[in-house]
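Letters A, B and C mark the chains as written, and numbering starts fresh at 1 in each.
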Amino acid sequence: MDIFLVEAIINGILLGGVLALLALGLNLIFGVIDVVWIAYADIVMCGMYVIYVLYTHYDVPLLFACLAGIAGMAAFGVAVHLLIIAPVLNSAPINQLLATGGLLFFLQSFATLLFGTDFRNIGVRLPVVEVASIYISFARLIAFLFGLIGAVALYLFLKRTYIGTAIRAVAQDRDIVGLMGIDQRRIYLATSAIGGALAGLAACLLVLQYDVHPFIGNTFGPVIFMICVLGGLGNMIGGFVASFIISQIIAIGGYYSNTELSYVLAFTMFIILMFVRPRGLFAR
Amino acid sequence: MSRLGASAFALAALAAVLPAAGPAYFLHLLIQILIWASVYTAWALMGRFGFVSFGHGAFVGVGAYVPALLWNYFGLTPWVGIPAGIALAILVAVVIGYPCFRLRVVGHYFALVTLALSQVVLLTLVAAREITGGSLGFTPKAAGHSWYALQFPEKTYFYVIALMLWLLALSVWRWIDGGINREALEAISEDEDAAAAIGIDVLREKLRITVLSAALTALGGAIYGQYMMYLNPESVSGIAVSLQIVFAAIAGGVYSLLGPTVGALLTISLTEGLRVWFGVTFIGAANTIYGALLVLCIIFMPQGIVGTLRRAMAARAPKAAAAD
Amino acid sequence: MLSLSAVSAGYGSFQVLFDVSLEVPRGEAVGVIGSNGAGKTTLMRVISGLIPLRAGTMTLEGLPLAGLPAHRIVEQGIAHVPEHRRLFPRLTVEENLRIGAFIPRARRRFAAQLDRVYALFPRLKERRQQPAGTLSGGEQQMCAIGRALMSDPKLLLLDEPSAGLAPLVVRQVFELIRRIRGEGLTVLIVEQNVQQVLDVVDRAYLLEVGAIRLAGTADELKGNRFIRQSYMGL
């Protein structure tokens, strides 16, 4: 087999790790709060800027800058819920989509105001690893590993803790959780914080590979939605699997043609799959 | 409100917003408002019945690019090119709409399928950079003052064209309002199963309104392209344009004839006003405020501006009556 | 222990309960009977805080309950087994029980409570790792009651525990309720199965179109002609 094709496939798998992380975050929020955060990818963008500023302007060590990025985005998730989601929780779903869509617009413009439209880079260049004459970027490897670690941590949290179990319970029957002594609003806040933290973690992993600019969310935001819908909105495992399918389509498509066309291919397959399996690939 | 009253209202409002601006700039703004008001009205034809499309950017893009490409490469007049663009937009609408409606892709899922559609058109335009110029944009060959090329250096011509487009959009809205389809569509938006049970052909009704909406949107895109004489994938297609359409229509209010127009009037004069106010030093400031206002608007005025005003007036009317 | 006086409640502009007053003394089992749509479920929802009360007062051991949200009422010691059981179908049996012990007081005693519930319902222990949605109807009812007991309540609210179960299983459920009573728990139970519920409760109320029509000891109601004719088909 063509060595470059193998490389493309491997890169696809590595990309899938980060996409999976974001799909998990978005699915969690949708499953529990029943709201789609259109601006989710833009929260990642904010996280990337936080890390960029701390690391390049304030000389904070990269590890701490990353931790601050995660914590900051968790707090940001809570703020988004309190300021934007909570007021429209009982409105029509379309208004909820639009409120977070307005946030998308706001965040992109605000980032432009603060940083301009330049592409910025933290200037950390990680080595490239060579295995059997296949070149793999170390940054992507790290991203993949931490993506998986994040997913496993989330799984354990949801499975092993009281709050985690309560979060899953809310996703299954939100009307009666009060009878269990669960305060729905606090579960929503916890969920938003986790969703934000996952976006923050993704920001740490992406900032090592890509330049930051205000509109970076537009490049992978739609892809994440696609993944979530393919996996079945709210279905965490489905989203996880779909991440790797979509990332392969993008990687292999990109290998045979160019990046834009590989995305066109991915979106078109998505539309077709929506017709064939309207409730997601893994709907029961 | 009569159509004459409507346009008078729009003009008066604009005149109040921008008293200091020069006449050429004023006209330019007015043309943009009229064109986008038509597009927003076209979107709201569907949106008011709860069929929320995040894909109308695709129709604007198709409508704008097809005549421009045909003109540059084949010298084909926009008089043929525009109908060709509209036809392609209708084709796209049917290819996406038919399975969507057939297979009951609704709500979030419909929004996301149409969102994917806007990205497909945007990315195709970018990817076909040898033909379309990609993200650098595309400039139709200039032909001076020409009816054949539908190009007029004088803005007054486009003002009249845009006005006619807008009146067309309003008449389509009125036509649907007065027709029997409206009741069918309302029944569908309430409950598709119940509508089907009383003998409404749900698929056909939804498809018809979608085709109408897509065609009108593409026409708007075409006029916009002819007027601007410069096309860019990002400014006539993709998520950004789709969201802009949805926002403005909803901000103005999708349940009343002039709602989307008010949306266009407000959003465009606001962005322009903020742009003039902040100048180029604070790039992004205008849109930041705009985004914040959008969020506030959706939280506090879910009925849109016109709907909210109407409700406020309705609330005041009984009190006034009681006082008599 | 629980005392309602002149309680009114409803949904939106639709009033369901009109001036309902009722007493549940400590250690007793009290029944509420009534036909479909009488407002029995609504009454339970008001007590557990799922819907607000519009007028009247409601106290538990003298402390006012009105205005508290549902999750705070659980902390006061009231556990509600909702109509149709409402288990979390994709959580396992044990996870459902764990959610029942969500409040801090119960969390601290989780292991002991779990042993108590498994002793009461050995079937649940066998099925502990199974998703609750795959249990049989009777097992689901046990799981729902077990989940409520996990919060270590003073007062247990049961909304139609026998609904949709086979006659044999209905008898088992009532047997269990008798055992729970035997442990000293106070119980308020809503039922359409008038004959059997009057065998387990001390006292009962008849609710008709949102108002209390009759009240008395179980024996008094069993002997009441109106009840015998309209609700027991005798």
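Keep this in mind: contacts are C-beta pairs under 8 Å (C-beta built on N, C-alpha and C of every residue); 3 or more make two chains touch, one makes a residue touch a chain.
All values derive from a computational prediction rather than experimental measurement.
*Asks:* Indicate, using Cα centroids, the chain positioned nearest the centre of all protein chains shown.
*Replies:* If one averages C-alpha positions chain by chain, the most central is A.
*Asks:* More contacting C-beta pairs: A-C or A-B?
*Replies:* Higher contact count goes to A-B.
*Asks:* Find the chain most remote from chain C, comparing centres computed as mean CA coordinates.
*Replies:* Taking each chain's C-alpha mean as its centre, the farthest from chain C is B.
*Asks:* Just give me the whole-number Å value for how far the CA centre of chain B lies from that of chain C.
*Replies:* Roughly 55 Å separates the two chain centres.
*Asks:* State, to the nearest whole Å, the distance from the C-alpha centre of chain A to the C-alpha centre of chain B.
*Replies:* 31
*Asks:* Hey, how far is the Cα centre of chain A from the one of chain C, in Å?
*Replies:* 43
*Asks:* Could you say which residues in chain B touch two or more other chains, in rising order?
*Replies:* none
*Asks:* Over in the complex, which chain B residues touch chain A? Could you list them?
*Replies:* The contact residues of chain B facing chain A are 50, 52, 96, 99-100, 103-105, 107-109, 111-113, 115-117, 119-120, 123-124, 126-127, 238-240, 243, 246-247, 250, 282-288, 290-292, 294-295, 297-299, 302.
*Asks:* Which residues, counting only chain A, touch chain B once they are in their complex?
*Replies:* Of all residues in chain A, those touching chain B are 36, 84, 87-88, 91-95, 97-99, 101-114, 116-117, 214, 218, 221-222, 225-226, 229, 233, 258, 260-261, 263-264, 267-268, 270-271, 274-275, 278.
*Asks:* Under the touch definition given earlier, write down the residues of chain C that touch chain A in their complex.
*Replies:* Of all residues in chain C, those touching chain A are 48-50, 69-71, 74-75, 79-80, 82, 86, 88-91, 95, 98-100, 102-103, 106-107, 147-148, 151.
*Asks:* State the interface residues of chain A toward chain C in the complex, per the touch definition above.
*Replies:* Contact set of chain A toward chain C: 162, 165-166, 168-169, 172-173, 175-184.
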